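Should a chain be cited, it is by its letter among A, B, C, D and E, assigned in written order, with residues numbered from 1 in that chain.
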Amino acid sequence: MPRVIVDCAMYRDGRRSAAPEDLSDALDEARESGDAFLWVGMYEPSEEEFDHVSQEFGLHKLAVEDALTAHQRPKLEVYDDSLFVVLKPVVYDEEADTVSAGELMVFIGDSFVVTVRHGEGAALAAVRHRLEQDPEVLRHGPTAVLYAVSDAVVDHYIEVAAELQADLEELEAEVFAPNATETKNTAARIYAFKRQVLEFRRATNPLLQPMDRLAFGNVPFVHGHAQPFFRDVADHLTKASEYIEGLDRLLSDALAAHLAQMGVRQNDDMRKISAWAAMAAVPTMVAGIYGMNFDHMWELRQSWGYPVVLVVMAAVCLGLHRLFKTRGWL
Amino acid sequence: MPRVIVDCAMYRDGRRSAAPEDLSDALDEARESGDAFLWVGMYEPSEEEFDHVSQEFGLHKLAVEDALTAHQRPKLEVYDDSLFVVLKPVVYDEEADTVSAGELMVFIGDSFVVTVRHGEGAALAAVRHRLEQDPEVLRHGPTAVLYAVSDAVVDHYIEVAAELQADLEELEAEVFAPNATETKNTAARIYAFKRQVLEFRRATNPLLQPMDRLAFGNVPFVHGHAQPFFRDVADHLTKASEYIEGLDRLLSDALAAHLAQMGVRQNDDMRKISAWAAMAAVPTMVAGIYGMNFDHMWELRQSWGYPVVLVVMAAVCLGLHRLFKTRGWL
Amino acid sequence: MPRVIVDCAMYRDGRRSAAPEDLSDALDEARESGDAFLWVGMYEPSEEEFDHVSQEFGLHKLAVEDALTAHQRPKLEVYDDSLFVVLKPVVYDEEADTVSAGELMVFIGDSFVVTVRHGEGAALAAVRHRLEQDPEVLRHGPTAVLYAVSDAVVDHYIEVAAELQADLEELEAEVFAPNATETKNTAARIYAFKRQVLEFRRATNPLLQPMDRLAFGNVPFVHGHAQPFFRDVADHLTKASEYIEGLDRLLSDALAAHLAQMGVRQNDDMRKISAWAAMAAVPTMVAGIYGMNFDHMWELRQSWGYPVVLVVMAAVCLGLHRLFKTRGWL
Amino acid sequence: MPRVIVDCAMYRDGRRSAAPEDLSDALDEARESGDAFLWVGMYEPSEEEFDHVSQEFGLHKLAVEDALTAHQRPKLEVYDDSLFVVLKPVVYDEEADTVSAGELMVFIGDSFVVTVRHGEGAALAAVRHRLEQDPEVLRHGPTAVLYAVSDAVVDHYIEVAAELQADLEELEAEVFAPNATETKNTAARIYAFKRQVLEFRRATNPLLQPMDRLAFGNVPFVHGHAQPFFRDVADHLTKASEYIEGLDRLLSDALAAHLAQMGVRQNDDMRKISAWAAMAAVPTMVAGIYGMNFDHMWELRQSWGYPVVLVVMAAVCLGLHRLFKTRGWL
Amino acid sequence: MPRVIVDCAMYRDGRRSAAPEDLSDALDEARESGDAFLWVGMYEPSEEEFDHVSQEFGLHKLAVEDALTAHQRPKLEVYDDSLFVVLKPVVYDEEADTVSAGELMVFIGDSFVVTVRHGEGAALAAVRHRLEQDPEVLRHGPTAVLYAVSDAVVDHYIEVAAELQADLEELEAEVFAPNATETKNTAARIYAFKRQVLEFRRATNPLLQPMDRLAFGNVPFVHGHAQPFFRDVADHLTKASEYIEGLDRLLSDALAAHLAQMGVRQNDDMRKISAWAAMAAVPTMVAGIYGMNFDHMWELRQSWGYPVVLVVMAAVCLGLHRLFKTRGWL
């Protein structure tokens, strides 16, 4: 078996059996037994590596192409022999505050599941392990795997949305910070945040329709009695999607508020600057007057002239200072 | 019976009977009698506490999970044995001007209602009390309870929307206040308001579809002749939702108007400042001229030179002042 | 008969008969004759006052509640025994330039029409009078009344929209006024206008769907051959609604244009101020230079020094003035 | 025949016959022959003038009212005896760069077409003339006339849209002009443009649905095999509508860009002004220092003092000038 | 055969045969054989040049008109004898960073394909060549050609979208550049970019519906088993369309962020300018004071007066400089 296969097992009546030696034999065995299925998990297989698997399970040419080249939209495609689902699990990088989306393709047939993973995001080992603890669920076959995988992916959406919510709160604190020096790059940060949200939305929104089909429609290879479960996933997905939509709106509002805030700050600064300028202009003007060279300026000749003028200057400055204070300009 | 059960009663033909001693027996009794039902009200039960109830009434596993963990979207889910409705009653905090949403889950079966409440918001005691006064309505069984609860929740939406409307009017007064000092945090306040509205919208909008299903569709466990009543609730909900949508639009407009207002104010300030600066610049310039040290400056030698210059300075300042006044710069 | 009943008459074959003495008898009579109907018009009835009427005509409890408490959304509700229509006629206050919405409830049964009016707006006397002049139309019974009333309400929408259009043109003149003093409260005026439009939209938009039902659907108590007439009303309503939507967009654009205009004006002012400041700065600088106390400043000793400097100062100022003029700064 | 009738002719087998002397007889004749129809073209008829025609052809009362009072929305209305179509041809005024919409009502019956024109816009003489050159098409009867008229109206939309596109390009040149004086009224121009677009949209968008009905639905009095032709018109209409939508978006973007551009320009101006102010402030400050009256200022006594200070002043100014140049402030 | 025919070949059982000498004979031959078809490729044919082909293949008059005049919307039109598809391939000009759309019309009949190309964009030679390498696919006849052509066009959309994404990243770097001189034309660049995106959207969005019809509907002349292939194309098209929509949103956000950024920069500049002005104002004021001509100014007479004042001036300036530095104004 090629090394690119991360895990591969036969499940019989909800319990894991020994890993099959040969895919072809195992598949025949599973088909015959009726209550068994094969689950092959792969990670970024190359064309040759995937060839063997896709031929064995009779996967559709177009789905195989999609599964090999990443950058697909989430979708659900029904072919004659199998069902093909593309999910985009997201990863939140705590340090960079960025969201990146991987890809997760699931092929569902009558007695097999093939999962292909691209990029980081949502390792399936945990999902598989949890499922193996729960033979009751696993007994439902490939449908159970599809449910468990999409449930895990969508639940992670909600967690990541909560992280972004926390980031938004930091950002809000920055936008409305009283101190201007902190807001130099606020617009850049809001913009970068919006890009993350867009990235996130590209992962979640196109999934809404496929999930609805699984929840309400009649999809081959998926048991009808699993609909309430997919409805639950669809519901969580809608919640995540609304959440993101809300984030996006708030970010637009935050940008608009930041703009208004900058206007307020600029006005405040302008007033403060002007107030100080006024306080410097008055002594300059007075000094200019007493710097005139008229022969007959009586005050200039008095011994008290200079101190009185200095006092007047200071008094006017203080008066202006108080005036500006009470008017909120300083 | 666990203490987390707030109230629990058997209703027979529209009238409350004594509280049942054992849920299981009571349910059997209600089922047999045909015109009786059990109403169990719980408040934030833990998993173990809810276990007993959910098993007794045969509630669906997924609904039980949802009922235990709060933070659900409003929804209506139909299972084989019961109907599950999630409502999000909102609470308006008068002092902080904030809106917070609790959760209210209602399970409806053939002869029982289970209500689970999370967070504050819409205590059901009042609803139950009002219903018990009205045996005519209560006789319709679980459907009547669902109607009464959703009616109470939606009516409260309209009250809260009216509170927000009042807040908006305060905010408008602030945005268009003639005095600038009052508007330092206007952008922050509008933004915070928008967040409240978003929170509110998350409670109301996803409920529109479930209410429509109750009002027009054929939902199991709900009597068809209750449709006009649910249509009334749906109509009020639509009203609340349109109201909130309108608030949101007005807030965006208010933010834009605030921005424009800041521009006007800044321009006004700039003109005022410039006018005063001009009035200081003229005497300074004149004084500078007569401070030049040319030997042959005839005016400097005249005894009337100094007073005349002072008068000219004052006259120019006064003239400028009048000019700026008439032009609306001061 | 209670005084709150504004007008009440029996119409037989399109013609008004004497006012009935007793509602109950009159209704029986109308039902028997087949081609007669009763039209009761009320104005803001209290609960007790309306009680008599609602019981006589068998109106639905929920509709009665709605009819008593104003602040309903426009809607069309079908009950077993009657049809309930809520219209929101609007009134335009010429002086305050405000739009306010009243309420008009119409109950239609097999042989009766009950109209309940709240607030100002669209007194029905004129509609009734016009109908009574036209027995041809009135012969169609309650349907004709519903048509005439909704036609009158919707036609008034278009008139009010035209008034608002005129207001918009005044506002546009203000936004793009060359003189700044006129635009101090433009943002406030645009915002207030948007609120009026929102109020208006709340009256018209929710009516679109009910009118469509009357125009295309099969509504009980409404004759099918009246559909072209209701289609005409629906068409006018759509026109009014599109008009309002257009107004709202233009107001948003006007606010944005006002913001841009403020930016242009601020820039213009800044340039004008700076130009004058430059013209004051040059003489001040020159005067400063000749105010220096160097012993060896040859110019200071010349008799032509002072006049030449004055001329230079004036020349520079004039030159700057011309420069700024040609550059469009002054 | 009243003078308000612009043209009136009988068409038989695709060819124009002599103008009928009496409408009534002509209509009977057309009805009997089966392959003939009457086309009456009117221009702004008064009520009395139209009365004769409408009675002769049995036009519906509501449609007649609409045809007399202009200011209708584009629509398609099916009555028992005829089809009523309202089109809004637009006229572009090259000089004023404005778009104004006229009205064109078309009544289609089994053997007649009545066209009523209001305002300027799309004289039908050309359409009639072109049709008369093409008996092949004209043989299809009233349907061919409706097609030819709507085709002409919609094709003109696309021409007008192209004119507006050219106007937009002029406007863009103005928005991004390097010279500020040209942009004083840019916001006003963009706003006025948006109003034109709104006017245009009011003519085109409500027509989309009627055209779709003609293109895909089963409309009485219209031959089914004309559907591909109406689909073509509908397609052009959609193109015009998308074009206009695109114009509207671009205008919003242009307004936003203009705002940003104003910000950039203001900043540039502020920097330029400040740079010049700095260059004036330094000599003033230096002159102030040497204008101090200290007894012991050694430099003042030197014969080289004055020239050196002048050179220093000039050097500092030049240095500042170069500095500001390299920093892009000048 | 006219020279405007770029390539013309008969395909039999998936393999190219010799070019036919006469279209008419070749078409008859293809029709008889059943598994053969003709593919005629044309480039910007004139009316006369196209006449021959359109008559031979019996193309619909309206489609022929569309095929001759470019500037069509993407669409799918079904006629009795053929299918007509308009695609708009886009070309990205690396140097000018512009997107321009050409046109590609495809006529599909029972045994023929006619492709007509206008403008640059997506030469079909490559597509034809690739198809000829793959007889398996080509055997499916005209459907295969339509699939291959639309696949090529849509795949190129995604490539161009990726180019635009790269351009966006350059633009973002410019918007958030720390150095102001680089952002003089940012608004103009964002606006120009939005125009490109609009152009692109006009090519892609109207194609969504036709592609959906090919992917899910029952379209004549197209084999039903090709649906998964068209679904794949439709899926890629949706991806391209969402991508573009995302670009457009980001550009709007970038413009808003640019505006905010300009505000921040203006404030920064204003503070920097004011700080320097304050540093110049203090020495000027002090110099003014010691330039007064009072007889009794003790300091003026001291030999240490002048140096002390100079030191004080420098100290105050240095102090202010440090103060402004710590406050982030410099």
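Everything that follows uses one rule, which is that a contact is a pair of C-beta atoms (placed from the backbone, for glycine too) under 8 Å apart; a residue touches a chain by one contact, two chains touch by 3 or more.
Computed from a predicted model, the values in this text were never measured in an experiment.
Steps from chain B to chain D, taking the shortest chain of touch contacts, total 2. Under half of the residue numbers found at the chain D and chain E interface occur in both copies, marking it as a different-residue contact. A separation of 41 Å divides the Cα centre of chain B from that of chain E. Centroids of chain A and chain B (each the mean of its C-alpha atoms) stand 26 Å apart. Shared interface positions of chain A, i.e. residues touching 2 or more other chains, are given as 256, 258-259, 263, 266, 270, 277, 284, 288, 291-293, 297.
If each chain is drawn as a node and touching chains are joined, the picture is one closed loop, every chain linked to exactly two others. With chain A taken as the origin and chain E fixing the direction of travel, the chains line up round the ring as A, E, D, C, B. Note for the complex: chain E touches chain D at residues 60, 62, 66, 72-73, 75, 77, 79, 180-181, 183-188, 190-191, 194-195, 198, 202, 206, 252, 255-256, 258-259, 262-263, 265-266, 269-270, 273, 276-277, 280, 283-284, 287-288, 290-293, 297, 299-303, 305-306, 309-310, 313. Chain contact summary for the complex, chain D toward chain E: residues 172, 175-176, 228-229, 231-232, 235, 238-239, 242, 246, 249-250, 253-254, 256-261, 263-264, 266-268, 270-271, 274, 277-278, 281-282, 284-285, 288-289, 291-297, 327-328.
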